[in-house]
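The structure's right below; bear with me while I get my questions together.
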Amino acid sequence: MKYQTILDELLAQIQLEPIEGQVATYIPELAHIDPLKFGVHLSTLSGEQFTAGASREKFSIQSISKVLSLAMAFQLEGENLWERVDVEPSGNPFNSLVQLEYENGIPRNPLINSGALVICDVLLSKLDDPLEELLQFIRYISGRPDINYNKKVAASEREFGHRNAAVVHLMKSFGNIENDVVDVLDFYFKKCAIEMCCEDLAHTFLFFANHGKVPSTGEEILSRSQAKRINAIMQTCGFYDESGEFTYRVGLPGKSGVGGGIVAIYPGDFSVAVWSPPLNPNGNSARGMKFLEELTTRTGASIF
Amino acid sequence: MKYQTILDELLAQIQLEPIEGQVATYIPELAHIDPLKFGVHLSTLSGEQFTAGASREKFSIQSISKVLSLAMAFQLEGENLWERVDVEPSGNPFNSLVQLEYENGIPRNPLINSGALVICDVLLSKLDDPLEELLQFIRYISGRPDINYNKKVAASEREFGHRNAAVVHLMKSFGNIENDVVDVLDFYFKKCAIEMCCEDLAHTFLFFANHGKVPSTGEEILSRSQAKRINAIMQTCGFYDESGEFTYRVGLPGKSGVGGGIVAIYPGDFSVAVWSPPLNPNGNSARGMKFLEELTTRTGASIF
Amino acid sequence: MKYQTILDELLAQIQLEPIEGQVATYIPELAHIDPLKFGVHLSTLSGEQFTAGASREKFSIQSISKVLSLAMAFQLEGENLWERVDVEPSGNPFNSLVQLEYENGIPRNPLINSGALVICDVLLSKLDDPLEELLQFIRYISGRPDINYNKKVAASEREFGHRNAAVVHLMKSFGNIENDVVDVLDFYFKKCAIEMCCEDLAHTFLFFANHGKVPSTGEEILSRSQAKRINAIMQTCGFYDESGEFTYRVGLPGKSGVGGGIVAIYPGDFSVAVWSPPLNPNGNSARGMKFLEELTTRTGASIF
Amino acid sequence: MKYQTILDELLAQIQLEPIEGQVATYIPELAHIDPLKFGVHLSTLSGEQFTAGASREKFSIQSISKVLSLAMAFQLEGENLWERVDVEPSGNPFNSLVQLEYENGIPRNPLINSGALVICDVLLSKLDDPLEELLQFIRYISGRPDINYNKKVAASEREFGHRNAAVVHLMKSFGNIENDVVDVLDFYFKKCAIEMCCEDLAHTFLFFANHGKVPSTGEEILSRSQAKRINAIMQTCGFYDESGEFTYRVGLPGKSGVGGGIVAIYPGDFSVAVWSPPLNPNGNSARGMKFLEELTTRTGASIF
């Protein structure tokens, strides 16, 4: 069956089901999003585009941005990066301080908050204006020059971000943060407030499915080995303490955000982004997870 | 390059390097294994066989048996199985009681000790003689009727297995063990004491690479979806708290045992078993991990 | 005011209040105790006896026995005892395995289950029949030759005691148990099943209030320093993760049991035992705690 | 024997022993203290003063200040205080975030850092200038109008105090901090930087030994019940994860600070302050602990 038919059918089917989960409420800007919104976009390496629902409506990509900042830091630092952050699944909620304390300020992986904050610190030490460079990078790959972050969201994140502040202070007490706590948090909150639509996300993440090269231009963003390794990290760590469940049900590497977005990669084949704001108890889009499970079941797309 | 050339070259190369890691010493039968032993066998779906070193020498498969008992239990119970064991990476050593206590006796996944012990309990409730059935299953798939467990190893495991006994008693206190503690442990220790060579293991695990069907006969052991799901569990949980590292470096689903064996699966392509007794600090074969990393780097075999 | 008047008034007052808490239900023998039972007995060093309610009715002393077995082991081993068990409050439930795993099988203190099980192991290594010696010791001090343990309670404890079995196996895996697991558990469960009444308990514990000497005979059970030290351990560790609360409210060293008994010591002055089966969420007698708080408030009896 | 003779003898004895432990090095101002300094002062309720060594030399009282700020907050809030902080020993290092995260931002007790920071927050909400009021309170009770905090120490604490900042942010994320994080930390660090000598400390803490009344004037600082309760908290929580050990060896309520000071209380009798900078691995003055153990052994002073 063609992808477009499957997307259309799954969209129709999912809209008949009762909504499960809750829209994120920790900041007012996210709390007011319409829970019925649903969008999906799938881009193949051969250039085909499949789309359904509100696939061009921008939303807060939140933790999905962690993969992009990780890619930048990996470009700059290579394997040295792993001296400051590990690549193991955490087995704990995304923002836990327990493991960080037991493990002397070295985060389990770069896709939980603590790890992503270390990545921000790495980029702050290497680049003059890492936020601007990250935005340029995303604009370039996605071909969408208007991509930006939402200032109100970033401000709210900062206001209510005491747990992230605790995480950075704790890591700094262990010597694993080089820059000022305020600067690390500022970059992190702005980066999480970047807004993109499903189409943008699918385009942007397509190079992870193409062994590190942008399909349209052939430009190498990451080496083949680096792209494989980031995909591997997404597979084991992309969904907090539901990473095993996502791997089990969907069978593709991916990353979610509390804005309700999920991106998944089928290496050698396609990237797909879905968006549905209500989150399950583990903080991942409930409908997004179901949609991707159905999609991979129907298409047989799985790395396993 | 052909697989045989690569195996031969890697074997030659690895034998020049100093031995790292330590042979398991917790029972005398394992402690006396020659640390220089090294074997590897790779079987493709098209029926090719590649082999190097001591690939026909039997060793204690230990935790590798957990995947096979899981496959049997999954056949019998289907998705109900997950009411008694989860599919998340643990983020803790293989035999930790901490998580089990916090999580009310439900193990994180079926490939850590607690989860494998629950699987043993499931099989004991369903089958008259689960050990015999497991052995028959392995003999049938591998085509090796002489496969058996080592009685001395099983006896030693029992004698020194107080931590596993603690795990079973704790789970029973939470109501997650139905059978007698002694019977669960007895089955578990015997199952872990099964002895196979690299060739046997590669043959046996090939159906996981073939969407659940035995390539030579076409018989379906697991459904396509079930095979995918067990591969997914191997990917996220197969190497204790080094599962992320293995995924990152090797990029294939697999499972290790403290006897020094590792099996890995390249879905749609091949299965491979390596054996080298010295273990790294996380309890996985040090040379085996390196060998598989080199193998996938040279061949480009990776699911990502 | 005289102690007798206070006991009578508090008894009258407490019987008007609604019952809070729940009788222990983990074994049938405890579950069937009448929740309205209440007894209290206070013995002074000068030989006065004050009593109210069901003070001569026997009940299962359970964890209160831990102080008596500790006293015996301390007599035999002296300060060497602390190589196998610490004297710190645990900050965790009485039967937690978490701390034990992090701290390599050394229990936090001798009044949580793990610590008391180590004490049982110590006595088993030193004495031919430690249960008989413990019973003789209690019969001698209390002057009650009929004190014994309840066989049905001991049998039930064993049947449902999988968590304690887990604790002993875990400690044995760390090398902190010398005897057979079954023997340690057998002694422990029998010892916990000892039955005494409030009067027996007050008489038996009076030597802790008298710097280690039995007041009636002058016989020294423990040295002055040893008695002080056990009182100190009762103060910081006697009430599981409510030890701070008991110290805060009552201000006396003491020990509780899930049978609903509590013994408290006013050094240089008196011992007091109360009994009321319903337990608060921390496993301590709800009415017993309140009674002792009122008693010390009215009499000004506090070590602080 | 008279107290003065004992103090002199113990001082002579302790100076012959090799120094154990390490002076606190986390801020430069503490790192440069002479490790050989030793002072002690004992004040009785009857007005006698006993002194030895550098008993009039000021040092940084650090965590000893937690008892004084607690006393102020208890005066102001009464039992309501315990809605925001518990009275249980922590069983963890003084600055652990683990428990705080598991227990939703409610500190275990007011004498670990997290609890003392909540007390600072309480005082900031109630008082215009809590630091000034605390200083006035100490100056008044001790009769030493020149007592103040050390600005350089406070500044260094702030500069290196990322773990405490993490603690406050984490508690604020749970809603258990009302004021600005910066203000809470500022008050906390200044309060910890208060400098007093052994004589000042013994004088100041004497009202805890006198059921809440200043002996010289009869003024009631705390009610009899309140004084008892703070003494109880000192007993179970005053020495971090060595509180049980101190209770066991010394048998008196007390509080230590990383400046090397320890204050202990013998209710109804005396207060005593010792000072020796080198700390044992638990962060308590090594010589101070030994001195107090010897003192109570020789004098028989113990509440047990």
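Letters A, B, C and D name the chains as they come in the text, with residue numbers starting at 1 for each one.
Convention: a residue touches a chain if its C-beta (ideal position, glycine included) is under 8 Å from a C-beta of that chain, and two chains touch if they have at least 3 such contacts.
As the structure is a computational prediction, the values presented were derived from the model and not from experiment.
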item: Fewest hops from chain A to chain C - one hop per pair of touching chains; value: 2
item: Chain labels contacting chain A and also chain D; value: none
item: Chain located farthest away, centre of chain A as origin (C-alpha); value: C
item: Between chain D and chain C, distance of the C-alpha-averaged centres to the nearest whole Å; value: 32
item: Between chain D and chain B, distance of the C-alpha-averaged centres to the nearest whole Å; value: 55
item: Rounded Å distance between chain B and chain C, as computed from the means of their C-alpha atoms; value: 47
item: Multi-chain contact sites of chain D, meaning residues that touch two or more partners; value: none
item: Parts of chain A lying in touch with chain D, wherever the complex brings them together; value: 96-98, 101-102, 162-163, 165-170, 172-173, 181
item: Chain C to chain D touching residues, read off their complex; value: 86-92, 99, 108-109, 224-225, 227-229, 231-233, 235-237, 241-245, 247-248, 251, 253, 267, 297, 300, 302-304
